[in-house]
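Quick heads-up: structures coming right below.
Here come two complexes built around subunit A, the first alongside subunit B, the second alongside subunit C.
Right, the complex of A and B next:
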C-alpha cells in the first residue's frame, strides 16, 4: 500500500444518492486531530442524550473514551496502516490495521498471516443509535473492504482478524462482523477485556468484495 | 455470483449495515498523554482519581480488594488512581458509580466521558481536587471534603 488518496463511492442517506468520497491511505497528524475534534463533542452529546432518555448505561456503545489523537505517535510505523474515509470535508470513518505479527486462528487457515484491525470506528453521525437519521451509509463495510484489499496486496489472501466491541443484537458490532462481513467468531480467542475475536477467511473476503447475494 | 459495480456495492452494503455501530478495537484507552485536554477536563479527571483513591482509603481496602468489590479490572483501578490523565472505560465508570453509590452521569463527567452541564460542577471538582492531596490516611479535613463531594455526587 502506498500513501495517497483514492476516489471511492459512499451512500448519502439523506439524498439517497451515491456520492464521491476519498479513501485516504495513510493519515496525517492534522487529519486525525480534525477528526477527533469533529467526533468527540458529538459522541459526548449523544451519550448524554441517551442517558437522559433512560437508555441502560450498560448497553451504550463502549467506545466513549476513544481518542484517535493518542495514535499520532504511531503514524509512520511501517508495520501499521491508517485509513480514513472523507466526504463533505469531514472524516466519516477511521481504521488502524497491523500488517504484521498476527496469524490466523481458524482451522481452515490456522497459522497463516493476516491483517489485524486494531481500531475501526465510524463518525458518530453515521451510527443509528446515536443519530436516528445517519448521514452516510456503508462506512463500516467500506473500511472493512480497505482492510481486505490491503490483505490481498500484502499477500494475506483477504484474511482479516479483529476484536469486536460487545453487542450481538442487530445494529451492534458483533452482529455487524458476523452477519454483514461474514466473519467467524472464535470464543477461545477473546482478549483480556473479554472482547470476541472474529476472523475472515479468504473465501468470505472474496464474496464480500464481490457483493451480491451468494 | 457476479461482481457488483461500485455504486451497487455500496448501496447493498449500506442497506445490510443499516447504520450499525461497528467499532472494533479495545475498550481500554492506551496510556499515552492527552495532548489537548482543557483545564476543566484535567481538573475533573484529577477529582475522579482522588475521589476513587479516598473512597478506597475510607473503606480501608487494598487496590485488589476494591477492584474485586467494585467488579472492575485491577489494571484500570491502578490507572485511575495513579494517572489523572487516564480515561477509564464506560463500564468501569458505571461499576464505580454503582459501587460508590453516586450519580452515573456525574461520574461520567468526572471521567471526561460526558460534558458538565453547569459551571457549578467544574467548580466543585476543582475545589475537591485542590483540597484532597493523595495521602495514605484520611485526615478529618479530607474526610469532610470527601463526604461533602460524595454528597454532591449523590444528588441525582
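Right, the complex of A and C next:
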C-alpha cells in the first residue's frame, strides 16, 4: 500500500554533490522484491571480500542476513508502516515501523505511545565497512527523520523507540542511535536477543528535526 | 502522508468522557485516539473474519478469556 512519494535530497559522496531522491511512504511488493534482489548479491560479495581480508565473522553487519521479502505479507497492515528511499532507480534504504502497541519507557515520557522502528537498513553500498567513501550519505538519518515525522503526524510528539543491532564503535548501529539520533539507551529494556533498547524523547526529536536539512 | 477527510462525530456524555480519559492518559488528541482505535478494530476484524478468536490473558492468574467483538 502506498501513500505517495515525496522528493528529498541526498548527498552523493562520490560526486560530492546534492542529488534528488524520493522518499516512498508505503511500499509495494515489487519495490521490496527489487530492493532485496539489488542488495543481496552486493551483501554476499561484501561478506566474501571482508572474510578474505580477515575481517572477524562476528563483526559483519547483522542486517546483511535480513530478507525484506519476508515482510511482504505485512504490507497493508494498518498497524505498520513501510518506507523506502530511492535514488538513481535503486532503493538506498528501507524502514519498517509499528504505529501501535509500543509505549515509552523513559521516566520523562513513560506510558506514552511511540513509533517503534522494527527494521531500518541502508543499502550495502552506502555503509563504510568496505570503502571509506560510500555512495550516498545520511540514509539512516533520513529514515529516522521519516519515523519522527510519522510520530508527529500520529500525535506521538516525536517519540520513537527501537532495539538496536550491536556495535557501539563510531558508525555502528548503537553509536548511530545514541550519538547521531540522540536516543537514550535503556539497559533494563534489552530484548530476548540481548539487543539494547533506545528511545527518543519529544524534545530530542525536535532538536533532530531542526538539525536536518531536507 | 495520506489525505485526510473531516467528519462530525456524535457521542453520548459517557462516550465523550471515555474519549477524554484516553486522550488525557495517552497525551494524544481525540482524533488520534479514534484513528488508533479504528486501526486496531480493522486488524481484529480481519482476523475474526478468517475464523480466528481474540483472547485476553492474565499472566498472573493464568487465565484466558475470549473477547467478543462485533
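In the analysis below, the second predicted complex is superposed on the first by the 206 of 214 C-alpha atoms of A that agree within 3 Å, B and C clash if a C-alpha of one lies under 4 Å from a C-alpha of the other, contacts with A are read in each partner's own complex, and residues count from 1 in each chain.
Quick note on the criterion: a contact is a pair of C-beta atoms (placed from the backbone, for glycine too) under 8 Å apart; a residue touches a chain by one contact, two chains touch by 3 or more.
What you see is a predicted model; the values in this text were computed from it and never measured.
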Three-chain arrangement built on subunit A, subunit B and subunit C clash or fit: fit
Contacts of A:79 with subunit B and subunit C, given as first, second, both or neither: second
First, second, both or neither for A:18, with subunit B first and subunit C second: first
First, second, both or neither for A:119, with subunit B first and subunit C second: first
Contacts of A:173 with subunit B and subunit C, given as first, second, both or neither: first
Vertex subunit A, arms to subunit B and subunit C (CA centres, degrees, nearest 10): 100
If touched residues of subunit A are counted for subunit B and for subunit C, the larger one: B
Subunit B versus subunit C as contact partner of A:153, first or second or both or neither: second
Partner chain(s) touched by A:100 [first = subunit B, second = subunit C, both, neither]: second
Shortest span in Å between Cα atoms of subunit B and of subunit C, once chain A is used as the common reference: 18
Residues of subunit C defined as touching subunit A within the complex: 1-2, 25-29, 31-32, 35-36, 39-40, 42-43
Residue ranges of subunit A in contact with subunit C within the complex: 3-4, 25, 77-79, 99-100, 111-113, 153-157
Complex contact set, residues of subunit B against subunit A: 1-4, 6-30, 32, 34-36, 73, 87-91, 94, 104-105, 108, 111-115
Partner subunit B, residues of subunit A touching it in the complex: 8-11, 13, 18, 41, 44-45, 47-48, 51, 57-58, 60-67, 69-73, 96, 117-122, 126-131, 134, 137-142, 162-165, 167, 170-173, 175-177, 179-180, 191, 193, 195, 207, 209-214
